[in-house]
Structure formats: structure tokens, C-alpha cells
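So that you can tell them apart, the chains are marked A, B and C in the order they are listed, and the count of residues begins at 1 in each.
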Amino acid sequence: MSTAVEPRGWAKAALHINGWLVYIFFYAPIALLVLFSFSDNRNVGIWGGFTLDWYQDFFDSSNARGALSNSVKIAIVVTVISVILGTMSALALERFTFKGKKVFDALLYLPIIIPDVTMAVMLLLFFGEFFDLLDMLFGLQLRKGFWSITISHIAFNISFVSVIVRARLSGMNTNLEEAAVDLYASRWKAFRHVTFPQIVPGIAGGALLAMTLSLDDVVITQFVTGPGWTTLPVYVFGLIRKGVTPLINSISVIMLLASMILVVLSLFAERARRGG
Amino acid sequence: MTVTSEPSPESTEATPQFEKAAQRKESRRGFLLALPSYLYLIIFFVIPLVIVLVYSFATRNRFGGTDLSGWNLASYERIAEPIVRTILFRSLWLAFLTTIICLLIAYPFAYFLATRRPAIRNVMLVFVMIPFWTNFLVRNFAWRVILGNDGPLTKTTEFLGLGTHELLFSQKAVVLGLVYGYLPFMILPLYAAIERIDGQLIEASRDLYSSGWQSFRNVLLPLSMPGVIAGSILVFIPSLGAYVTPEILGGAKTTLLGSYIVTQFLTARNWPFGAALSFVLMAIMLVGTVIYFRKGGRTL
Amino acid sequence: MRNNTKLRFVAAFAALALIAIPACGGGGDDTTAPESEAVEETPVPEEEKASCELNQVDGDLALYNWAEYIDEEQLAEFAEEYGISATMDVYDSNEAMQPIISAGNSGYDVIVPSDYMVSILIEAKKIQPLNFDVIPNAANISDDFSGLYYDPDGTHSVPYQWGTTGIAVNTAVVGTDFPRSWGLIFDPAISGDFDGQIQLLNDPRETVGAALKYLGYSLNSTSEDELNEAKDLLKSTASRLAAFNTDSADEFITQGETVIGHGYSGDMFVQFLEQENYEDYLYFVPEEGGTRWIDNMAVVFDAPHPCTAHTFINWLLSAEQGAALSDWNYYDTPNQAALDLMANDADGYYDDLLDFVRDPARYAGGIESLESIEDTGDFETNYADAFVEAKG
């Protein structure tokens, strides 16, 4: 990793100020959200004194807990698969030429530009037909649920991951890679020891994005979910329809903590893998 | 850049046949790398998409379901209606505004991030992402509280003697909400692109050019262009299709393309029209992306 | 396989095949209307009611409901009593639920559609006729709820909860001296002082309906002229609004974002009673009339466990469960037995609920002035389009 060069003088101050302002911008609503999760008033926006009731409500609610665990399970599987497929796609597009490359390139942009609700509707229809087909051909009686949601999330995440990794790969100094190819007997070794470490920030960024997109998805999930597989954002969406109470705040805070724990765990796993 | 040839370990010189074979091998490698994603998307994306394309030529029956007989272009003809054009241009403008603002904020931020020590950088990046692990809807609601009549922002501006504001439920609030929601999508690719630029190039350019601005314009910006393009696309496109923020922060007073499409699929249960609108939207975006890429010097 | 064109060809063929199969077969559960199938030769077979015993359960219950419409604990009680598990998934609109159910194989047993959606689902054959032999508690339903337009013979649904849509006012700001009319929202002469503090529902049928009622028309009007009048009225009102909003109508009022709001009875009641100054808030249905909506329970056409579904419906229709339900979500119940139980409660536990919710003075034009929203078939898109155009 190279460190960019700091500008001098006023530009340096400007950069710093911008940086901190951005963080304040990002965290203002979060601070509010966390604060009002402790507010003893049904109305989010009116402070009613400190209480842990809304957290209690969450823990008492098997629906809410179930939704959280569903979201996390789905997000993990989705992130892993999307990162693998997305990185492979990025490599293919940035380092190779092959027949149909242009089509593949265009194909990868479609999931990014399609409106959510359109994708939701088309997947609903698709799974209906798909399961009928499987039933007819193999007598396999499948139902929408974990896999229909996971498959749908991966379908849009591959593109997002690949965009991020490509931004990293593109224009990267390939001298090292070419030298590695000379040096190592196998392409795979060259990749593993030279290319891969260089693109790790891109992959990490893609993974973060994929996880976020999966955890946040509402419309698509709503349409392809099955009984018992309501995810947290869908649950929150339903709650909102009934009235915005601090319960959704407490759920969000818990969600936030769950995500942070996931990330910290993966960072530790990374450290452990590299030998500390 | 692509690696087009691989020296075979056995030979000492590359003959034309070996070159060709090596190229085919490379080409096949690339193809194989792309294949799983390719197949995945064909099955789980293209085929469903074709189904909806078919629906866009169908008719809405009186239950709000779709009658697959009676093919027609009625849904596409409606695109020419004045209300649709109004919505379209309004949405394009807001998406454009959001993208520019995100770019102006994210670029210095991404650069700032890249100037930190490597150990700190990752932590700071994670801290950028953390707010976005709260629920997207709830973040919008939090902004609604902040911008409210009696909310923290009003209290702050009154305290500072700046009076009250009329931000909530205005288009400004929508842009603010969109910028908030999509800023990380601009930061991540920008950061990825800037971070891998060799610091020595920047140093050299500063020695070369008399002003920081020139150094930026002639060296830094072109080198980070892939990030700029990727980020712009990742912001512009979802902004165009956004519907949650316009509803929560905009008070649903101005209809944008995203809301309009959702309305057709859900409220009006007019799937053929919703499908037609979606395809027109996607066509616009695809064309726009191609043009943008060509200008940015990449191929698509 | 090297050739990508081959791949694409196969994909295209597969796509066409996937579409062709259900279109030809007619057995697929897709969202096409029954007309396209009814056009074919054989008459549509008589729908079969589920054959079940009283209180029989044939598996777990999968309930698909609006959020916060039934207490989880109440559901858990049912599950425990019958030794099964009960899950509830949520949807946030009839229109989001309909395609999911219609596509088939949704996995849900019981759904809770609103009035107009019941008539649609019956015609599209997406809910099954109920076997009332195993729902004896249906006798508890008040006579006011028989002969409903959307299920005239009451064969496919039972009412669940009902309520009204009307106006909520912060009388501390607005005072109490105003006509109990939709003019409070639409007439600047009445509420001009409160511009920017008024809210209307973000729902085409409800909001266009309110305009229609104010103009003296039916909220199920299928007249272009009447619709255009309503649209113009809305257009001139739009600039006076704070927002069009459905989810937070009740909060805006108590939070001070609005002083005049348009919303659903139960939501308003729950929100008001939570405030210390709940006496400041007033909810009423204007004298020109408003919406009465009824949510209902129905069994999905391909419910995996229809007997459990019937048992659940029967269980929920008992007096105790009906009372518990209303007591939790603060909507009005069609369950006469439950009402009697609540009225006769020795401790007066339900008095607040009864006073607040069932006060007939709330319907300024009398209960006859209330109309239910009916599906207008092809005209529905006119409502949706008029609404979008009114917003501009």
C-alpha cells in the first residue's frame, strides 16, 4: 500500500476539515437514532426519559429476533459467494480477453441499473415458474425461503463487487504481475502471491458493500421470501407501516452491533490467518 | 491492461504456434473465470428479465393481474405522456445533482483517507461504513427527525441566530437524503483508485507543476478516473431509481421515477406499464453508461 | 463449450420454454387472470372446501398479516394450545401481498386482506371457500357485517378488524370551532392559517376519495369528470401540505409537524392515548362521509395446512380472543360476542377502549355516511394516474 502525499498549506487544512465534517454528517443521524432508542415515548422525536423498554421489546419479540438472525445468515452466505464470483468477474474483465467479453461486461451492469422493484417482480415470477419446472421435471417440491432470497441477493451483488474490484485492478501497475508470471511456474501462484494481495482492499470494499446491500434489501426480499424467513429490513418496513416507534431504533442499534461484531470477527480471523 | 502472452516454461523462444496456443490458453482462462458468473446471471437475471419484458407488452386485466394474451405497445406509448416526461427530467436532474455533490465531497475525503497511515486507513474506512449497517429506512427517519419543525437542526440554527428553516419535505431535503445515502458508494471506489496510485508520481508531479491545482488536474485526476467513473455510476443510477428518500424526506410531494415505477407495480397494479417504464429507464441508463465510458476512455 | 453465441441461444430457448410451459399447460400458478384459462374448453370446476374436523390441526400455521396487527403472545397462545408452531410474516400493503399469493406456492395459510382485495381474490380464485362447519364461532360476528359487498354470501372470508379513515386535529392549536367537514383540509378559507401543517394520506384511493366525498361524490366514482374535479382540487391543495404520508400521519400530529392530519382511526387512537395531553387531540370522520374499511381473514387457495387455518380463524373469533385482539391493536371489532364481553367486564377494564373507539359521535355524518372502498377494476389506474398528476 502506498500512502498518498499530503498537500501543503491551506489544502491540507481543507482536507482535514472536510474529512471530519463528513464523519459528523455520517454520524449525526446515527447519534440521534441511538439516542432515541432509549426514549420513553412512542413518538420518535419526542424525548420521554430514559428507558430500556424498546430493547426489551426486541428481545421479547421472537419475530424480531428471528428476523435479525435470518438477515445475518443470509448476509454471510451472500457476501462470501458474491465476493468470489465478483472478484473472478473483475479479473476476467480486467486481465483477459475472450470471446463475448463485451457482452459479459454489459451484462454485469444490468443488475446495477435495474430498479429494485422491477427486479423484485421479475424474480417473483421467475421463482414461481422455476419451482413449477423443477416440480414437473424432478418432482422436487421447493418453496421460497432462504435460498430464493440468497440467490436473489447474489444476483445483484456480483455486479457491485466486480465494479469495486475493477476500479482497483484497472490501471494497476502490472509489471509486478508480469514479473511474477515469469517467476512462478503457475499462474495461480502468481495470482496468489502478487495480484491478490494488491487487490485485497478492493475485495474488502466489495465485501463490505455486498454485506450492506444484502442487510438493507427490502423490496426484492419481500417478494421472494417464504414463511418464517422475514428479514430484519422487511420486518422494520412492516413495522413502519403501523407506526414509527423507537422500536425500530432499538432494532437498528442491535443490527448495527451485530454487523460490527461480524466485521471485528472477520478482522480477527484475518489476523489469525496471517499469523498475528 | 491485459496480459496476452505467457512464456511457456519449456521453450527457450516463443514461436508463432506457441504464441497462438498461449493466447488461446489465456483466452480460455479468462472465459473460465467469467463463466460461473455469466451462467449465474443468465439463469437468475436474464431469464427473469425476459419474463418482465414479455409482461411489458401484455395488458392489465381488471384484477390488476396481467393478461398475457393481447400483445400491444400501449404501455410504451404512455411514455410519451407529458407527466412521464416531467417525472423523467426531474429525476435526471436530481440524480445528476446528487452525483456532483457526492463527487465534490467524496473526492477530497477519499484523498484524505489515502493520506493517513495504513493502519489507521482501514479503521477509518470501516467507520465510514458503520452508519450504513443500520437500517436504511431508519436512517431516513432519523433525518426526518433532525430536519423536523422542532428538531435538532432548527434548535441549532436558532441558537446560532440563523432563524428557522424550511428544509423538511422539500426537494433540498431529498437531495440531502440521497447524498447521505449514496456517499459511501462514491467514497469506496474513489478510495480504491486513489490509494493504489504510486505516491512518487504525485511527488514528481508537484515538483513538475507550479500549482497544486495543475498537479491535480494533470496527474491525480486522470489517474483516479476509473474511481470517478465507477463512483459516479454507483451514485447516479440508484439516485435515479430512488423512492424511499423522496417519500420520507420529500413528503411524497414530488413524484420521481423510482416512486412512479413502484406505484405502477404496487398501488396501481399496472404491471405492463411498470415493466415498460423499467425498460425505458434501463435503456436510458445503459446508453448513458456507454457514453460516459467512452468519454472516460474505457471501452464497453 | 467455447462458443458464447451458443450459450446465449440456449439461454434464450430456456427463457422461452419457461414462459411457454405455463401458458400452454394452464396448470401453472402464475398471475394471469382466470379469463385466459376460462376461455378454454372445460367449465371451471367447483371449488372444494377443505374437509376438516372441528379444532383439527394438520400442521403449523403460517400467517401472513399486517405488522403489529396481532400480539405475538396471542399467537403463541394459539400455538401452545394446539401443540403446533405458528409463524407470522408481514406485508405492508394489499397490493404487495396479492402478487405473492397469486404466484402460488407462497407457503402461507391465512392472510388478512382488506375489503376490496377480498373481492379481487375471490374472483381470481386465490382464496378458498371456507368450511363453516368448523368455524362455529362465526356466529359471534355482528349482523352489521353480513351481506358485505365484497363477499355477499360470506363464503370466503370473515371480518377481522375494522375502522375508519378521517381527520385528526390538534385542537390546542386549531381550536374546536371548525366545521366537521373535509373542508378543514381542502378549503383555504377554513384552514389557510395552517398551510404547511396539513397532511394527506399517500394513498390514491383514500386521498382522491376524500376529495370526491368533499365534492359530494361517491369515493368509488368511475366518472372521468368527477375524477378530474377531484384531481384539480387536490392540485390546488398540494402546495398547502406539509406532506403526503401514510405511515406517520399519527406521529406528525403529536410531534407538531402537522396540526391537521388524515389518517386511520386505530393508529390515531393509540398515538393520542400515549400522549400526556391526549385531550388536545380530536379524531372524527367528516359529515360528507369517509371510508369505512374492514380487514378480513381468508385462507389461501393453496394453503399447506388448511385445517390449521380454519381452527385458527375459529379460535380468534371467540369472545375472549376477539376482545384481546382489539385491546391490543385498538381497532374496532366486528365480533359481537367480544363486544358484549368487553361491555360487561366487571372491572371496567375495557371502558377506555370502548369509549374511544366506539363513540358514534365520531362519525359526524352518522354511520350511514361511511363508504367502503370498492375495486373499480380497470378504472383503478385512473385513480393512480390522477393522484400522480395532482402531485405534479
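By our rule, contacts are C-beta pairs under 8 Å (C-beta built on N, C-alpha and C of every residue); 3 or more make two chains touch, one makes a residue touch a chain.
Owing to the predicted nature of the structure, the values given are computational and were not obtained by experimental measurement.
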{"item": "If a chain touches chain B and chain C alike, it appears here", "value": "A"}
{"item": "Between the pairs A-C and A-B, the one where more C-beta pairs touch", "value": "A-B"}
{"item": "Relative to chain B, chain with the most remote C-alpha centre", "value": "C"}
{"item": "Euclidean distance of C-alpha centroids - chain B vs chain C, Å", "value": "36"}
{"item": "Rounded Å distance, chain A centre to chain C centre (Cα mean)", "value": "34"}
{"item": "Intercentroid distance (Cα basis), chain B paired with chain A, Å", "value": "15"}
{"item": "Residue numbers of chain A (touch at least two other chains)", "value": "44-45, 99-100, 121, 125-126, 129, 237, 240, 244"}
{"item": "Residues of chain C whose C-beta touches two or more other chains", "value": "2, 7-8, 18-19, 31, 93, 96, 99, 255"}
{"item": "Touching two or more other chains - residues of chain B", "value": "28, 31, 38, 42, 46-47, 51, 148, 150, 266, 271"}
{"item": "In the complex, chain A residues that touch chain B", "value": "1-8, 11, 14-16, 18-19, 22-23, 25-30, 32-33, 36, 44-45, 85-86, 88-89, 91-102, 104-119, 121-123, 125-126, 129, 151-152, 154-155, 158, 160, 162-164, 166-168, 170-174, 177-178, 181-182, 185, 187, 198, 201-202, 204-205, 208-209, 211-212, 215-216, 218-219, 232-233, 236-237, 240, 244, 248-249, 251-253, 255-256, 259-260, 263"}
{"item": "Chain B partner contacts - residues on chain C that touch it in the complex", "value": "2, 7-8, 11-12, 14-15, 18-19, 23, 31-33, 35-36, 93, 95-96, 98-99, 102, 120, 123-124, 196, 202-204, 238, 241-245, 255-257, 375, 377-378, 380-381, 383-385, 388-389, 391-392"}
{"item": "For the chain B and chain A complex, residues of the former touching the latter", "value": "1-4, 6-7, 9, 26-31, 33-34, 36-38, 40-42, 44-49, 51-52, 55, 105, 108-109, 111-118, 121-122, 125-139, 141-143, 145-146, 148, 150-152, 180, 183-185, 188-189, 191-199, 202-203, 206, 212, 223, 226-227, 230-231, 233-234, 237, 241, 243, 258, 261-262, 265-266, 271, 274-275, 278, 281-282, 285-286, 289, 298-300"}
{"item": "Contact footprint of chain C on chain B as seen in their complex", "value": "28, 31, 38-39, 42-43, 46-47, 50-51, 54, 60-69, 83, 86-87, 148-150, 166, 168-169, 247, 250-255, 260, 263-264, 266-271, 273"}
{"item": "Of all residues in chain A, those that touch chain C in their complex", "value": "41-46, 61-63, 99-100, 103, 121, 124-133, 136, 143-145, 222-223, 225-230, 234-235, 237-244"}
